[in-house]
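Two complexes are shown next, each including chain A; its partner changes from chain B in the first to chain C in the second.
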Partner chain A sequence: MSGILSPEFLSALISGMVLAGMPLLLAGLGETIGEQAGVLGLGMEGYMLFAAYAGFNGALYGGSPWLGLLAGLIAGLAAALLVAILCVWLRLDQVVVGIGLILLGEGLTSVLHAVQFGDTSPRLPSVPGLAIPGLSRLPVVGDSVFSQPVIFWLGIVLILVVHLLLRSTRWGLKVRAAGDRPEALDAAGVGVTRTRFFAVLVSGALAGLGGAYLSVVSSGFFWPFMTNGAGFMAIVLAMLGRGRPVWVGVGAFLFGACVSMATALQLVGVDVPTDAVFMLPFLAVMTALVAFARRSYLPAALGVPYRREGS
Partner chain B sequence: MAASDSTRGAHRFARRPERRNSPGLLCTGRAVFIPFVSAVFALAAVMLFVGACRTATVTTTSEASNETLTSVVPESGLPRQIAIISPEKANDFGWNQQGVESVKAVAAEIGAEVLVSDGAGYDDIAPIYRQLVAAGADWMVLWASGYNTVGKQLAQETKTRTVLVGAFETGLVPDLCTDFETQAQDGAYLAGVVAALMSKSGTVGIVSSADDENWNKMAGGFIAGVRATRPQVLIRLAQVGQAAYADAAAGKRVTESVIATGADVILGMGDGSSFGMIQAVENATPPGGADKVWFIDVIGDKSILDTRGILLTSVVWDYRPLLRAALAEMKAGTYGDSVGYLDLGNGGIGLLKSDKIPAEIWQAVEAAKVRITDGSVEVPVIYKKSDLEALVD
Partner chain C sequence: MEHTGAPRTGGALEGTRTQPLVRLCGITKRYPGVIANDAIDLELHSREIHCLLGENGAGKTTLMRILAGLAKPDAGSLVFEGRPVLFRSPGEALAAGVGMVHQHPTLVPTFTVLENLLLVGGRRCAGEPWRDRGSRSRGLLGRGFRLPRKEAETAFGELAQRLGAPVDPHAVVGRLPLGQQQWVEILRALWTGPRLLILDEPTARLAPQEAAALLASLRSLKDGGTAVVLITHKLREALQVADRITVLRAGRVAGVIGPERLDAVRASGAEEPALLESEIVGLMFGERGVSAEELELAGAGRARSRSTTGRAPAPALPPTPVVLSVRDLTVAPRRQEVGLHSVSFSLRAGEIFGIAGVDGNGQKELAEALAGERPVRRGSIVLDGRDVTKAGVAARYELGLRFVTDDRLGQGLIPSLPVSLNLMLKRIGRPPWWSRTGRLSRTALLREAERLIQAFEIKTPNPEATAGALSGGNLQRLILARELADRPRVVVYLRPTQGLDARTALAVRRRIEEMAAQGVAAAVISTDLDELLSVCGRIGVLYRGHLLEVVENDGPGVEYKIGGLMVGAPMGGRLAAGADLDGDGASEELHNRERAANHELTSQPDEPTSQGDESTPRLG
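Now for the complex of A and B:
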C-alpha cells in the first residue's frame, strides 16, 4: 500500500474534505448568526432537508445549479420564517419548535420525494469547477482546491462577510446585543423582535445554501434523510466557534478533513477496526469540545424568548 | 464611519456582558408556560401531519397495487393480502425497490393484494406491522434484518405468516416464520471476473455504504473472482460509513478517493448512496493506463439511468423464486421448516448482461458460472469486514 499516497490520492482527499466541510460551513455560519441573536437553531437539520429538496428541484427543472442554490436559499428562508414567527414573534419554546421542524423536514421531504420521484431517480449533472489561472495547475491542491465550483469561493468569502457583519457593523452590534442583553437593546430603542426575526431569516438562508450544496453540488441527487446529521454538526461548530465565523470555518474543514482521513486510513490499510476509523471525526469534535467548550461563551439570552418587563 | 458608530453603540447598549451561565432553555413562570403549551400543541400537530403522510404512503401504494390486480382468486391456504415493510423508499433501483417489485409480481401471479409500507426506517416497526395485519395482511414480508427480533415476536403474537431476511435458522418457526438468505457472493464472483478482465489500470475498487453482511459477502465473492482471473490485479476496499445507505454525498466522496488510488472498475454497493458513487464514476478522470472508469452495481438494474455509459454490469437479485418457493411450502405444509437461499441455480442471483461487456469476457463469465453451479468452484462466504480486509491485504 506504500504507493497509494500519490498526488491524485491526496488531491481526492482534499476534495473530500471540501465536499464534507462546505455544507457544515454554510449552515454553521447561519447558526452563528442565529445564536448571536439569541435564537437557537435546533431545526438546522430541517432547514437543510427542505433546502436540499428545493435545491434539487430548482437545479433539475431550472437547468442550472445556481437556480438550485437559489431555490435552496429560499427554502431555508421560508423554513426560517416559520421558526421566526413561532419562536421570535409568538415566543414559543425554541427547543420544541426546533424538534418539530426537524420532524417536519424529514417527513415532508420524504413524502414529497416519494410522490415526485417515486418511480424515477433523476440526477443532476456535475457542477463545473472554476479553474483559477495558474493555481489550478499546482500539484495536489490545483484540482482539489483551485478548481472548485464558484459556490466554494462564495462560502470562503461568506466567512469574512459574516465576520465583518457581526463585528464591524451596526447591524452586527444589534444582533449581538439581542443575544446578550436584549433589554439593553430594547432600552436603546431598537426592536429586539425585529432584530432577532431578521437574524433568524439570515440564518435560515445560509443553512438553506448548505442544504442545497449537499444535493446540487455534493451528490447531484436528493435522497430522504440525506443530511445525515449535518444540521446538528453545524450547531456544534457554531457553539465551538463562539461567535467567530473564522473558527466555524476552521471547524467545518477540520471535520471534513477527519471524515476524509477516515477514508484514507481504510485505503492505506491501517490495521484499525473500521468502526474506530469512523469515530475519528466525532472524536475530533469531542476533543475540541473538551478542550475549548469550557471556555466557550454563549450569548446570555440564547434560547430565551424576549419579553419587555411589565408586558 | 460605521465602525465608529458601532463603537459608540457598544458603550450605549451592549457593554461587555458578564460571563455568566445562560439562564438555560427552560424557563419558569406563567409567562413561559402558555407559549410552552402552545409549542407542545404545535409539535403534536406536526407529528400528526408527518404520521398522516406516512399512512398516506401505505394507502396510496396499496391503491396503486390494486390497479394491477387480476381477477384470480388465491387458492385456499395462500395469502390474500401480502404486505411488505421496507426500511427505505422503494425507488432506489436496489434492495428496497427489488423487494417491493418481487412481492408485487408474485402477488399478481396468485391474485393477492399488496400493501406496501416503504421508508419505514430502522426503528421499531411494531405499530406498522400491527396496522397492516389489522388491514387484512395475512403474509408479512419484513425487508430488513433489523426487523427480525421484533418480527418474529409479532408473527407469534398475531399468528401471521412472516418472512424475515438474514435471520438464518433462528428465524424459522414452523408454519409461521421463514427466512431468506442470499448466495450473492456467487454473482459477485462473476462480477469480479468481468472487472479483472476489463481493468486496464490493473486496480479495481470496492465501495460499500455500510458494514452490511450482504455487502461483505458480495465483496468477498468479487475479490475471489478477481483473484481467480487475474491475481496480480490490485484491489482497493473502502466503506462509506457505519450505515451510510442513503448518504449519496459521502458515497461520491469515498468513490472519488478510491478512483484516485488507480481503480478503473468500481463495485459499488450502497442503496441511495450508490447514486453518489455513480456520479463520482461519471465525472472521474481515468487513472493512468485506463481510458474510462466503469461502475458495477448490485441488486437492481440501473441501465435506464445510465446516460453516460459507465454501467458495466450489475449483480442482480430477484426474490421471486424464493417467494414462489415459500408459497409452495405453504401449500405443502412445510412453511418455516428451512431457510430459502437465493442463488445462481434458482435464478435469484445473476449478472446483468450489458453491451459494454465484450463477447469473449462474457464467455469467461458463463464458464465461471458453470464451474460455480457444478461445484468445481466454491466461492468463499465472508460475513465480516475484518475478514475482507485480511483478503485485500
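Now for the complex of A and C:
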C-alpha cells in the first residue's frame, strides 16, 4: 500500500476522474435544465447512447474529434426533439417516454454497432491534450489536469454558463417558473409549452455532448451499453444538485473519482478485486441518496404535463 | 338580450359618455354540460370601476378569462379600442394592455417578488397614465438576455409607492403572508401598465382592513385613467366602489346599473341604497324570487338579526360542561406552513366556537391536529375527560370527534368509490354492515346509505353512483352526513362553505346551528369572517400559528376588532393606510371619498354610528 499517495497514483486517479466525470457533468447539466423546466429527462441513458454512437461515427469518418462531438450534440438534440414533441407538446407521460427512449437507444445502437463494426472494431486516435504553459509542468496536476483536451475546459466553463443562464437571465427565470408553477408562467404571459420545449432541446444537446465525450474522448471506441448507467447517475446528480450547476460539477467529479479508482489502484499494484471496485460509483450514489435525498429539492411541477385549465 | 330592458333597473341604460375601451359582443362559451356564457354583451370604459356581480357559476370568471386570453370563446367578438381583437394567450392580452389578478394564486412561490415581476418582462404599453413622470424604466422595455434587476427595482419602488403597497421586493413570495401576496399579484398585473385591470374576487382572502385599503387604491388607479373590472359577490363592496354594475345570472346579463343611477343613489339619503340592494339581489337570483334568507345573506337582514338577537352570551343558562379542551397544542410546520404554537381553548357542549384568520395562518394545521391526522409536538387534546392526543383518526371518530374538511375530493372522499361506501368510510369493518369475518352486507349498507342520503338531502341518482360525479354542494352534504352520523360530540369544520353557492352555504350553516342545538360542540375554522359572525358565540383569531385573543361575538364593533387581530395588529394599532373601513351607507361613502386616501383606521371603530350594517354582505 506504499504507492497509494504516490504521484503516479494521484495522477492516474485524477485523469481517470476527469475522463469518467466529464460525461456525467455534461449530462448532469443537461438534466438540470430539463428538470428545472419541469420535464424529467428519464431517457438520459438513451440520449447518451445515441450520441456516443453518432459521435464515434462522426469522429471516425470525419477524422476530427470536434466533428465527433458535434455529431453527438446533434444526435442528442434529435432525440430530445422527439421527447419534446411527445412529452411537452403532446403531453404524454414522461416516465413512459423516458423508458421507451432508453430501450430504443440501447437496442438501436447495439444493432447498428453489430452490423457496422461487428468484425472490425476500429479505434479512434486519442484526443490531443492542450498543455497549459507553465502549469502543465506541475507535479501530479500537470499531467492530469493541465494537459486535458480543450473540451474539458469548455465543460468547466459550461458550469458557469448554465449557472448564469438559470440565475440571471430571463430565460432561466422562465425555465424555473415552468418547473415550479407553470400556471404562474402562463399568467405572466409566457408560453409554458415553448419554454419547456426549448429547455428539453438544450438538455438533450448537453447530454449529447456528454455521450460523445464518452466514446470520442474517454474511450476512443464504441461498444453497446457503454454508458453503463451514466445517464441514471446524471439524473441523481441533477436531483442532488438542486438546480445548482456547481454542485452538479462537484458530484460528477466525485463519482468520476470512484470510477477511476479501480484503474488507479491496479496501476500501483494494489490488489483489490476489480468487481468490488467497480461497485464503488454505485455505492457512492446510494450513499449520497441516503445521506442527502431528504434535502433534495425537486421543482413542484416536475413530470407533470401542463394544460391550461378550462380553456 | 335583455340587459337593457330589464324592468327593475329602470333608467339604467349605460350612458355612453366616452367611447368604451373594450366592447364584448355576444360572447358565448360552452363547457360540457353547461353554457358558462350565453351571448354576453358588455362595455368597459376607461376611468371606471366596473363591478361584475353574480352567484357562483354565473359566468363572471369565464367571461373575464376570455378577455384575458385564457379561454377561447365559442362565439362572439372582442373590440379593444375600436379594433377587433382575439387574444389567443395571456401574453397577447398583456401586450394589448389587459392585466388580470386571478382568484387563485399565480405567483411562483420560490421566486422573490422582483423575480416574479421580471418574469412578465417589461413590455409596457404606450400612454401608461400613472407612471408618466420620470419613467426611467426604458431598460425594462428591452427583451434582452440579462435580467435588468436594478432598473426593475427602481420601477418597482415607484409602482409600490404609487399604490401604497408595502412590499419588500426581495422577499420570497411563498413566505409572505397572503395579504401581501395579493398585493404582489396586483403589482404584477400592473407591471406592464395595462389599460384594463381585471380583479377576480381580490378581497376574498383579505382581512376587512386590507380589503378596504385595496379598494381605496383601485379608486386611485381608476382616477389615473385605468379601466378596472372587479368581480365580486360582495354586494356592499360593489356599491362602495362601482361606477357601473353588471349583474350576471346563469351565463346571461341580468341587468346593468349605470353611473347616473349609482351617483344618484349615493347622493340621496339612506333609504335609496337599500332599495338598490334588494333590486340587485333580485337580479342575481332571478325568477326564483328573493326569500328572506337570501336577503339575509345580502347583508341587511343579517346585521339586524345580529343586533337584536345579539349573539350575546345568555347569562340565564347555566354553563354546559366542557367537552373538548385543547392545551398548549404545538404542531411542527411543514413546507410553506406556519405550524401551531401553544394553542389553547376549550369547547362547551352546544357551543359554536369560531376560529378566524387570513388563510395560511395555521387553519389546516389546527384542523388536522384536532382530527388526529397530524402528529402533535407538544400539548394535549382532551375529549370528554379522556386524553386523545395520541389517539388515531379512527379512535377519535369512535369517541365522537369529527372533522369536516375543506379538501372534499382529496382528504374528504374517495371520488372513484360509490356514494354509499363513502358514507361508511369511517365505519368500515363495523357490524352490522360488515360481518365478523369482514364480509360486507350490501343490504345493510344500502339501507344506511339511503337513510343518510335522505336525512342530509344528498342529490345523487342512486347510492351506487360514484362520489366524484356529485356537485360541490352535494359533496359537502355527503361529508356532513358521514361526519355527523352516529352520535358526534365535537365537530371540527374547516371552511365549511368554501366554494358553495349561497343556498347550500346557508343550509350548511343551518346544519351547524341545528347540531349545536342538540348539544354538539363545534369548532368552525373559516376565513369568511361574516360567516363566523353569523353563527359563532365566541371567535378566536389565528395569526401565524398563534391563537390570539378570543372575542365574544356580542354585537357591533366585533368585526373591526377581529379584523385587526387577523392582520396581526391589536386594537389601536396602526394598520394599513388608506383604508376606509366601513360600508356605512353609500352616501357616507361618497363623502369620505376624498379623504379616503389618508384616512386612518383607528378613528373609525369606536364611533357608535357605524354599527348596524357594517358587515360586508356576501352572496355566495
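Keep this in mind: the second predicted complex is superposed on the first by the 288 of 311 C-alpha atoms of A that agree within 3 Å, B and C clash if a C-alpha of one lies under 4 Å from a C-alpha of the other, contacts with A are read in each partner's own complex, and residues count from 1 in each chain.
Quick note on the criterion: a contact is a pair of C-beta atoms (placed from the backbone, for glycine too) under 8 Å apart; a residue touches a chain by one contact, two chains touch by 3 or more.
Just so it is clear, the model here is predicted, and its values are computed rather than measured.
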Legend entry - Contacts of A:R308 with chain B and chain C, given as first, second, both or neither: second
Legend entry - Which superposed partner A:V111 touches (first chain B, second chain C, both, neither): first
Legend entry - Touched partner set for A:G63, first chain B, second chain C, both or neither: neither
Inset, instruction - Return first, second, both or neither, reflecting whether A:G191 touches chain B, chain C, both chains, or no partner chain. - result: second
Inset, instruction - Decide which partner touches more residues of chain A, taking chain B and chain C as the two options. - result: B
Inset, instruction - May I ask you to decide whether A:S260 touches chain B, chain C, both, or neither, giving the answer as first, second, both or neither? - result: first
Inset, instruction - Examine A:P139 and indicate which partner it touches, taking first as chain B and second as chain C; both and neither are also allowed. - result: neither
Inset, instruction - State which residues of chain A lie in both footprints, the one left by chain B and the one left by chain C. - result: 168-170, 173-174, 176-177, 180-181, 184-185, 187-188, 190
Inset, instruction - Please give the residue numbers of chain A that touch chain B in the complex, ascending. - result: 4, 6, 8-9, 11-13, 15-16, 19-20, 23, 40, 86, 90-97, 99-101, 103-104, 106-108, 110-111, 113-114, 117-121, 123, 126, 168-170, 172-174, 176-177, 180-181, 184-185, 187-188, 190, 214, 218-221, 223-226, 228, 259-260, 263-264, 266-267, 269, 273-275, 278, 297-305, 307
Legend entry - Of all residues in chain C, those that touch chain A in their complex: 31, 62, 65, 70-72, 89-95, 100, 102, 104, 106-111, 115-116, 118-121, 143-147, 188
Inset, instruction - Report the residues of chain A in contact with chain C in the complex, numbered from low to high. - result: 168-171, 173-174, 176-177, 180-181, 183-191, 308, 310-311
Inset, instruction - Please give the residue numbers of chain B that touch chain A in the complex, ascending. - result: 2-3, 5-6, 9-10, 12-15, 17, 19-20, 22-27, 31-32, 35-36, 38-40, 42-43, 46-47, 49-50, 53-54, 56-57, 88-93, 118-119, 211, 236-239, 241-242, 244, 246-254, 256-262, 272-273, 275-276, 278-279, 282-283, 287, 305, 385-386, 389, 392-393
